[in-house]
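Shared between the two complexes below is chain A, which pairs with chain B and chain C, respectively.
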Partner chain A sequence: MKDSGTSLTRRSLLKGVMAGGLSLVAGGFSSFLGYSNSPITIGLQAELTGGLATYGYWHLKSARAAVKRINAEGGIDGRKVRLVHEDTETDPTTGSRKMKRLILKKGAEFVIGSQHSGVCLASLPVSRRFSVPYFPIGEATEITGSEGHEYVFRLNCSVEAHAEAGYRWIMENLGTSWSVVYADYAMGQSAVEEWGSRLETRGGRIVGKIAVPQGTDDFGPYLQKVDPEQSDVLVIILYGPDALACLRRSAEMGLSDELALFGNTGSVEALDINFSGAEGLWSITNYPRRLKGTPDELMSVNRDFRDMVGINPWGRGPKGRIVDASHFWVPWEVVNLLKEAIEAVGWEGNRDHSRLIEYLEGVNIPGSLDYPQGDKYIRGVDHQGFHSQYIQRVEGGKLEIETELPPEYSEYKPNADQ
Partner chain B sequence: MSKLAFGLLNGVAWGTVLALLSSGLNVVFGLMGTVNVAHGSLYMFGAYLAWICFSFLDSFWLSLIVSPLTVGLVGVSIGLLLKPVRKDSILTVLGTFGITLVLQGSALVLWGGTPRRVPLPFDSTFSLFGTGYSFYRIFVALVSGLVLYCLWFLVERTKFGLRLRASREDPELSSAIGIPVFNLFLLGFALGGALAGLSGALIAPLVSLTPGMGLRIFAIVFLIVIIGGLGKIWRSVVVAIYFSVFRGLASVFLDSTKGLILTFSLALLVILINPRILGRSSANANGS
Partner chain C sequence: MQTEASWNLGKLLTVLVVVLTGFGVLPLFLGRFQVVLVTEALILGVYALSFDLIFGYAGMLSFGQSIFFGVGAYTILYSFKGGLGLAVSLLLAVFVAGIFGLLVGSAIVRIKGAKFFLVTLVGSILFYLLALDNRWLTGGSDGMVVPTVFPGLVENYYLVLGVSLTTILFALILVKSPLGLVLKMIRDNERRAGLLGYSLKKYKVMTFTIGGGIAGLAGGLYAYTSGFVSAGFFHWTRSADAVVWTILGGAGTVVGPFVGAALLTVVRDTLSAVMGNIYPVVVGALLVLAVVVFPRGVFGLLERAVGNWKGGSGG
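Up next is the complex of A and B:
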């Protein structure tokens, strides 16, 4: 059969069929092995609605900015990066379901997030079941402790790392008798245990541990339990609206005049602290909200990093939204860390996860545009990251960095061997 | 002793606002027979309006008029939306739950997840058993009490209230004798919305404003209305104050979770002892 208008012959048809068949077989085989030139898919568990919606907003922006930058520079090992995300609704059950969705429906080969410790704890078994490397941001100690496993790495400090770095500073600078107001769920309970045990070991005293349910509007009955005559410091382990409500009521009840106030990272995170109740509040943070507080050697890269994520030097983004400074850098750094690890070990697909994990165990990460928070390392035994933390204070309605606590201040005894 | 006295007074002050919010739900649920799950979100919307008035118009006080009026109109819109399904209680619950999600999501998109605050309109405090206490809390309790009294008067002592209750008792007969049942249904939603808006505006300087604040408080308010009895304004006030005082005191003397468990257990006990509370109340909505 010959047609002047086309060049289709039996031979060319057979060639075409064979070529197509071979490419299908090859593609299927490489896909079976987990190797391909298709994009690398990174999943993000973000709290886009619910109590931690402010955090999710920034985490998504940070991850998107990192992926955009990598793709603009040629991708990872020549492969494009695809970011997929799911909203956890700040709920552990939903978060764990969304983790499965990221892996099974959206093809995530790595997952970053969430900020909510409850979501992270609920998602750890999913990560193990599907052998997907997971980079949670939630701070509960158990995540890289009793509940952690070989696929879990946390780049940012845990509650225990905050306590380890911060308790001595508080004892030396603010006082040794503490009343602690804490959120009555995983993160708060974990924090009160870590801070309290360290204080008491060093001869300090917890005057009162006051658990407060999430979403409390009226702090009056709880703050009534604080005894200002027995306490030097009121330690606030709350986040978001609860922290704000607690600070306002403390001021109204006159507690902030009688005691030093110290807050965990969440106590000022993404909050407008320009009000009289917050004045003088000390707190610990992973990263300065204002560019001004960044160490000199990192100033230039942080200016660029903030530009790419869309945050001004005062820590605000579009529509004046305040950044969750202590954590928003984590998705950016994890995406860059994945690029580094994938390229270093020649990772091509899920079958190479073990080599990637080996690379990450004990990795030293120097501060740079890829890692704007600064120098850090991941401890091999429990996959917990350690980095500098900062003590800051609200002065004139602004967060001023008072001192930097280097990474080694945070290191605590590992609770598990992954 | 001073802790007990503080807990009592603080509980009464909070309880009156809670009662005001509950009364709005009671009007729609108890008197109109519609479970408005969006009531909490209307309260949230009222609180955000207070924040807008303060931030952009520089007047918190304006919100005490703007919030009830605006949220009352939103209430009417909800009533209109529910018109086709208003006789089906399951569909109205589902419908108003959907409206809750829409309102909450809209708040998140419009104002973000960052908790907002409205400063106290009176900066001054006084010493209540050795603890600082804001005058504004007393103001809120007084305004709430006054509005609750006016509401009781409206429902129990006026022709409007009589028609409202009649249309709930027997809509068909009421319609037959010329009572505009659907218009009253809309007015009930307007009133419920206005009360939610006013509660939100009043409470705005005392709490942190977040899109989820309405859904959080709804469970408590719903429980107050159920235990107090449908359509019974004063009984809801008593239950709201009981709830607030008891929870406050339990939180002082027990830990928070035990206090909450004890408060809800006692409430549950009331329902178990008197399981006909719901039916009996709706059958005899005489406002006793």
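Up next is the complex of A and C:
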């Protein structure tokens, strides 16, 4: 009688030995190639001190929450994820050195980048030299344009994407004659060029461009140059405390009664706008500060996402700190995108980067708990992401979402082929 | 019978062989990030040396070295964009920054004391603001990527080591030459040097030109190895860095600036990894300590220690 149960035959023994031998050889070969079950290391370049420290604080929380969730669910392809981070001190030279530290000392296989465009630009050569995929958050157009390369992917909108979506909306809803007050450094100058050139191409008019140095306390002398008779809109391209000071002074001077005020994405980012000067201000953002502004179909996943990061439905952390709503979701989504790509292409180590890059080029990303900001896609030619943007308005001291601009609304002509 | 001169030459050669061998094999014992730090420390040492020639040897407390550092860095950017090779680009960086040194020096060397310090400080602020405003040329605060081909970390290290050693050799020859002796005389007693018939302006402008050229070389190397430049390269705090490294390492010595730059590169990296931007506070404290406790810098301390040891062992 033939026993088909558990008895050990010569054939089954041979099969077992062969299988075991093969797996040992495979394991040895894979560890020879540098592949193993060791953790996957993701680096985060964050501004934890300096001018953009508010951003870095939330980026770190967001990345940590994403990694914690993935590890709790079994990791990526069975491998744990290790998050390492460095503080750029909001300085390009330091940021570039910290990028090297992340890669060469801490073993980062992927780096999620800084909010500071200068840090991102200084880090691009590092990413290319060490062939490490880099996901910058800074918005300078050149990052995925003239200075971009095959290892660089940006999930969030660039300055040009904001301008592309924003200028049309302003022209159609607020007016075609603008006065622009802007921060007189790279970010502000770049934004004013992008916004202004589009307006003028479509037959609009810039009545005045008013450059303001960073850290200006008194906006009176600058705002006196605004001509309310000639302008429909005062476009404010300022960041942080400068934006607040400008809004306060424009209210005192009565400009907010005579003109529509429109702020760029950084104008209300992480700021308390519950004061009379901010009332009525329109602005553009990547993502709503308040939970109630998120699309209905994504409300539930956004509630969970915010819970995991530690943000309440009003956009504040446990100690009342206001979130940088427009960007804090990026590290969360990049970590999840890496999980998706690694598992899809069977990435095991740095030698598989090319397959991972191919996967990311042109990828469509549906809104979900992994991607709570909503549907988006990465354009293959320049590795630039496009997603919905929102027009919001300060009403009764709160940011209310007025309209959602779909991803196609932001798409601009590529500046480079990566 | 061995003469004293041949005995000194023998000692010098021994030191040279030990140093060259030590630096030559260093990458074998370092991690990849440590190679980056040592490379950076060497470049910053060259930069500090450029200030030391002006301050430590000619007695001019200049806060304008960042001008030449920035000029050298942007020269590399544009010469690479123009298709020039590395060697020519570095020479061009020295030349262009040297010309800036000549022009700036000619305009300001007659100014004395605190006014000289203030003028150079304002000069570096002015250049920074110009770089910040002319974004089309400099990329402003965001900067620009330098189009280089990366040869590898160790290759970069040997390149920088070679340039640093050449610069040190050049500086040693310079300070031992009649020009160097005149500069020291000007530093120690300017009036006397003038009465002896030396043209103070000529020698000071010459020093500014050489110092500018070397700072340009450092800026060029920095831009090449890091792959980016920004208006921040002109910032006056970069001038202050050179002052701090030199005073801490030992002003008026060729090796001191390298010691200061290396020490503070390590301090900055260590502190920055654990406490964010507390570096300036610690550097301030170290500077006060240096001025009060060891005014001849770390290199002076080392020299004294070696002297004491030799005295002790000889006695």
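Rule of thumb we're sticking to: the second predicted complex is superposed on the first by the 384 of 418 C-alpha atoms of A that agree within 3 Å, B and C clash if a C-alpha of one lies under 4 Å from a C-alpha of the other, contacts with A are read in each partner's own complex, and residues count from 1 in each chain.
One rule holds for everything that comes next: a residue touches a chain if its C-beta (ideal position, glycine included) is under 8 Å from a C-beta of that chain, and two chains touch if they have at least 3 such contacts.
Just so it is clear, the model here is predicted, and its values are computed rather than measured.
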item: Which of chain B and chain C A:117 touches, first, second, both or neither; value: second
item: Touched partner set for A:245, first chain B, second chain C, both or neither; value: first
item: Which superposed partner A:275 touches (first chain B, second chain C, both, neither); value: first
item: Partner chain(s) touched by A:187 [first = chain B, second = chain C, both, neither]; value: second
item: Which of chain B and chain C A:100 touches, first, second, both or neither; value: second
item: Chain B versus chain C as contact partner of A:49, first or second or both or neither; value: both
item: Chain B versus chain C as contact partner of A:253, first or second or both or neither; value: first
item: Touched partner set for A:222, first chain B, second chain C, both or neither; value: first
item: Touched partner set for A:126, first chain B, second chain C, both or neither; value: second
item: On chain A, positions contacted by chain B and by chain C; value: 49-50, 184
item: Chain A contact footprint on chain B (complex, rising order); value: 3, 6-7, 10-11, 14, 104-105, 108, 112-117, 119-120, 125, 131-134, 203, 206-213, 216-217, 244, 247-249, 251-252, 255-257, 260
item: Touching residues on chain A, where the partner in the complex is chain C; value: 48-50, 86-87, 89, 91-94, 96-98, 100-101, 104-105, 117-118, 121-122, 124-126, 128-129, 140, 142, 147, 184-187, 189-190
item: Residue ranges of chain A in contact with chain B within the complex; value: 49-57, 184, 210-213, 215-218, 220-222, 224-225, 240-242, 244-245, 248, 252-254, 270-272, 275, 319, 321-322
item: Chain C residues within the chain A interface of the complex; value: 31-33, 36, 40, 132-133, 135, 139-146, 148, 150, 153, 226-228, 230, 232, 269, 272-273, 276-277
